[in-house]
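Step one of this worksheet: look at the structure below.
In order of appearance the chains are A, B, C and D, and numbering begins at 1 in each one.
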Amino acid sequence: MHTVIIGVIGADVHAVGNKIIEHVLKDYGFNVVNIGVLSSQEDFINAAIETDAEAMLVSSLYGHGEMDCKYMRENCEEAGLDNILLYVGGNIVVGKQNFKDVEQRFKKMGFDRVYPPGSDIEKACEDLLKDLSK
Amino acid sequence: MIKNKKMPLDTFLSIREEILKGWPTGDDPALALEESVKTLKAVPKHKNFATKLRRAKEEGVTLIQPRAGVALIDEHIKLLNTLHKKGGADFLPSTIDSYTRQNRYANAEDAIKQSKKAKRSMLNGFPAVNHGVKGCKEVADNVDAPLQARHGTPDARLLSEIIHAAGWTSNEGGGISYNIPYAKNIALEDTLKYWQYCDRLVGYYADQGIEINREPFGPLTGTLVPPSISHTVAIIEAILAAEQGVKNITVGYGQSGNVNQDIAALQTLESLSNYYLKLFGYDDVFVTTVFHQWMGGFPEDEAESMGIISMASAVATLGGATKMITKSSHESQGIPTAEANAEGLRASKIVTRLLKGQGFSSSKALKAEKELIKREVNELIYATLNVGKGDFAQGIIKAFKSGILDVPFAPSEMNAGKVLPARDKEGNIRIFEFGNLGLSDESKAFHKKALKERAKHENRDVSFKMTVDDIYAVSRGQLVGLPKAMKESLL
Amino acid sequence: MIKNKKMPLDTFLSIREEILKGWPTGDDPALALEESVKTLKAVPKHKNFATKLRRAKEEGVTLIQPRAGVALIDEHIKLLNTLHKKGGADFLPSTIDSYTRQNRYANAEDAIKQSKKAKRSMLNGFPAVNHGVKGCKEVADNVDAPLQARHGTPDARLLSEIIHAAGWTSNEGGGISYNIPYAKNIALEDTLKYWQYCDRLVGYYADQGIEINREPFGPLTGTLVPPSISHTVAIIEAILAAEQGVKNITVGYGQSGNVNQDIAALQTLESLSNYYLKLFGYDDVFVTTVFHQWMGGFPEDEAESMGIISMASAVATLGGATKMITKSSHESQGIPTAEANAEGLRASKIVTRLLKGQGFSSSKALKAEKELIKREVNELIYATLNVGKGDFAQGIIKAFKSGILDVPFAPSEMNAGKVLPARDKEGNIRIFEFGNLGLSDESKAFHKKALKERAKHENRDVSFKMTVDDIYAVSRGQLVGLPKAMKESLL
Amino acid sequence: MHTVIIGVIGADVHAVGNKIIEHVLKDYGFNVVNIGVLSSQEDFINAAIETDAEAMLVSSLYGHGEMDCKYMRENCEEAGLDNILLYVGGNIVVGKQNFKDVEQRFKKMGFDRVYPPGSDIEKACEDLLKDLSK
């Protein structure tokens, strides 16, 4: 069973998607560790270390995602999480922006996959299974 | 131990001293009460939120207000003027950014700098505390409509001081409604105190002859919240505010999507608020209602979003709301551009104008839904008062702790999170999992029956799956989240 | 002398011979009845208009249809597919151009050529007669939804022959509704005959087991038409069609803007149509209703237009219309682009879906308005039948001649043009100048009283000025056209 | 009193604006000759000759205005109406088009003034008084 960390980063309190993501991931057979809303990068990293997780699904809905996710890859590596998968999704930037640009920016920041607003979480589960079997 | 009791002036003043030290902008002569009273008294009538609400109520019109806020002052002023002049907004907001909401003013300061560099707002709102009285007054002076702070701040004491001293005449929030949906582990005991302070400040100004509007945040999580739950919170927050001397209160409600339920909710929200305020001895509070256009997830499509917005406007107007908070075609994507926001306003406004004064005549179904809501609100209010041994502040703390009050999908650990809602066949929001919610067995039986009927119709069990389908439903063009098999049979 | 009597088959066939000579495309083997019957029988169920309407009625949904038509076949197909696939149109139209409507096929031919040259449609619709059965069938074969001709053609005999032979399973129009609002000096005697022919054609196909839908044009001039007048026309046209053997009829109504009046109108339109059809012995006619989104002048602003469109969708759905004709954000400017048209459809559709099945519970006000409409329709129908000495065809001719039936703002000289409507305080369409309209004194007194109340409220007289204000009102963001002085007092 | 011809050109039946235009022009003191809907260029020209009119206000709502108004100036001149004012308004072309372009096209065709959709008829009355006093 794969362990994945989910949570909502930063000062973000959007809880609904987070609860549903937990529900769906569990249905898919993942061992889900949900650190909930208002979680810092540190919270994510600590949870991943503690539970030996293989992936983090970072949600950001409220628009500050770009700032909250800065150096997240570097901070993971520093903490010894060398090969952990990093996904991010939600409404990760302020306003309606061209998604290709946004994706680029987050990929540069070291995220493995970036999802546009309202993405199907089932699709992400499939991606996760694929990426984890590599 | 916190009680629903008016804060003595000296207590208020001594806390105030501490509060103003929370960030350098608190140290501003404009925050001396003699000064702020002057500033507020100089606000012209047409820019006073409370006064304009009174006039609107008299004329029986539904006025509109968007959400909006960006990091920098000039940009923010430009944005508000676009919304006022091109959108026809009757009331202007300043949506506060999320760092400020968490009192993370240092983060906000960083983001202001980054925004200046990046030439686009890196914040999801206007950082009023960082801009201080000076910045906030600059905003007030450069727009021609009443201004309100809209946020979600558990501890908004410094924020409230600053905005009122800058001549902003309304403040959204409350000790419950800006905690349960907006925080994770802040005690209700604390937020109730914080908001007693904010209300006491408004009460202080009231004593100086200045009317300021206060608005509990009605929709809570905006996600399948049954009207009886959000009404109970709104009414209790109104009572807590009134105790501190607030005289002009706007209670709110987020659209459910079923027209009958929505109109019943709007009408009972007003009548019950007035009833309970009077019952508990607050005789001179002026109550209005605010209807929030659909607060759940929006569809991606812009035209569909315009459809929802406009339909909501019809409901608000027919239901007699005095104010409506509008959304935009960008809702599902991100904070709207000024243009998209203004479009949402214009679509909304024409509907409110066309339907002005038409009303919604009472029917059996409307009466039944109103009776239902009234009964449930009564049950929840008395259950709360009961555990509070007659005190609403204590009641709130204990009711949330034990789940007697319980808000679906709230992030707060102070919330039991046991209640699970779903829609009945007609799309009314009902409950199937009650946890410890303070409803009578009779009330519960009604909900269960309604949802069983739907389940039977859809040939499946009532379950969390149904709730999830309902959460997605509107964004996928349905009100009642149907199972896949039934979707295909739709023409 | 024309009578409401089924046309004998041989008469029909001999007229038919002449009709098909009206333009070279009439000379096509596909127009041999054996051939056209085959074509129509081969239309798959989901592309049959009549069948889809039956299903929609069963499921209680409100389906949507835009207006659309351009000069060239390929462009027209592309347009319809955009509306179907990107707009979610349930029914597809082919709006016919205005030259064809006036049987000016030579003008249409010119314009087709010019359109090819200019690479943009120089016609305001699809010239179906010029394109012939072949062209029309190409359209039918290349779209995946039922097709209807929508026009305004006093003499649509050749047009109707061509479209049905091409497999289009619905035709809009009628001897009154495609004369009075659409012509200047064509005798009703003539148009009634022409449309008896069109209906007889549908009746012929019915005898062959082919169900084709017919739709009288409900909104007439789209300009402050009181429901009782448009209902009377729709019901009589339904009766005339039924006599010729039509079995599937959609009666229409254009939004007034007052929700209560609109819902009362929709509900009575259906019940009265069924009632009178049965009363006069047409037992097996399947009746549905179509609601037209606001048919008067639209505001220039696109967002406001979206607001009106979506609000109309709420009314249609709550009122239980089976079909709704949509408009677009371009309405005030010109024929919409495919994209704008599709946006109008999407905004409309999500509202019909969200409100599906909610219904509108009866109230005192609704009952009162329904009673009013029923009484007036009864009066008008009996007055018509009376001057016709028991025959509806004769009745129509004489009723219009004497002004017993009279449509506001119609261009036709066959119409008395004496009736002047205006809105009452709530925005209901009422009448203050009756001419010779066949209403009882009791009914008239009600209208006069309602308008006097408004006049008093506005401190002016009931007059044509008021009517003019009401005509402009919606395009200026109001329902009731207020005098200048009162506009300023609006917040 | 100035005499003006009003009417709706071509196969166009939009009658509402026409009736209101008549009403307003009369209020302004014009002698209005209303030839109504479905009027041809000939109808306009004949009415103008018969009544010695100084201006024609051509309405076109239904989209075929461009074709219906072709050679109208030339036809007027041919009929001896040398200096008659020609105004056109309504929804004079098919679809939403850039109005500046549309205006140009109609001015080239010899129209003195061209009005966009939904124009205030009062404004046109003022223009008319101005133009007629020249």
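Observations, loosely collected:
What we mean here is this: a residue touches a chain if its C-beta (ideal position, glycine included) is under 8 Å from a C-beta of that chain, and two chains touch if they have at least 3 such contacts.
All values reported here derive from a predicted model rather than from experimental measurement.
Each step here moves to a touching chain, and the least such steps from subunit A to subunit C number 2.
Here the CA centre of subunit B is 54 Å from the CA centre of subunit D.
If you average the CA atoms of subunit A and of subunit D, the two centres end up 65 Å from each other.
Distance from the subunit A centre to the subunit B centre is 29 Å, each centre being the mean of its Cα atoms. Multi-chain contact residues of subunit C (touching two or more other chains): none found. Viewed as a network of touching protein chains, the structure reduces to a simple linear path. In summary, the structure contains touching chain pairs A-B, B-C, C-D.
Those residues of subunit B lying in contact with subunit C across their complex are 52, 55-56, 59, 61, 63, 90, 257-260, 299, 301-304, 306-311, 313-315, 318, 342-351, 353-358, 360-366, 425-427, 474, 477-479, 489-491. On the subunit C side of its complex with subunit D, the touching residues are 98-99, 101-102, 104, 107, 110-111, 114, 120-124, 152, 181-184, 221, 223, 297, 300, 330, 332-337, 340, 409-411, 464, 468, 471, 475.
Looking at the complex, you find that subunit A touches subunit B at residues 10-16, 19-20, 23, 36-38, 62-64, 66-67, 91, 93-97, 117-118.
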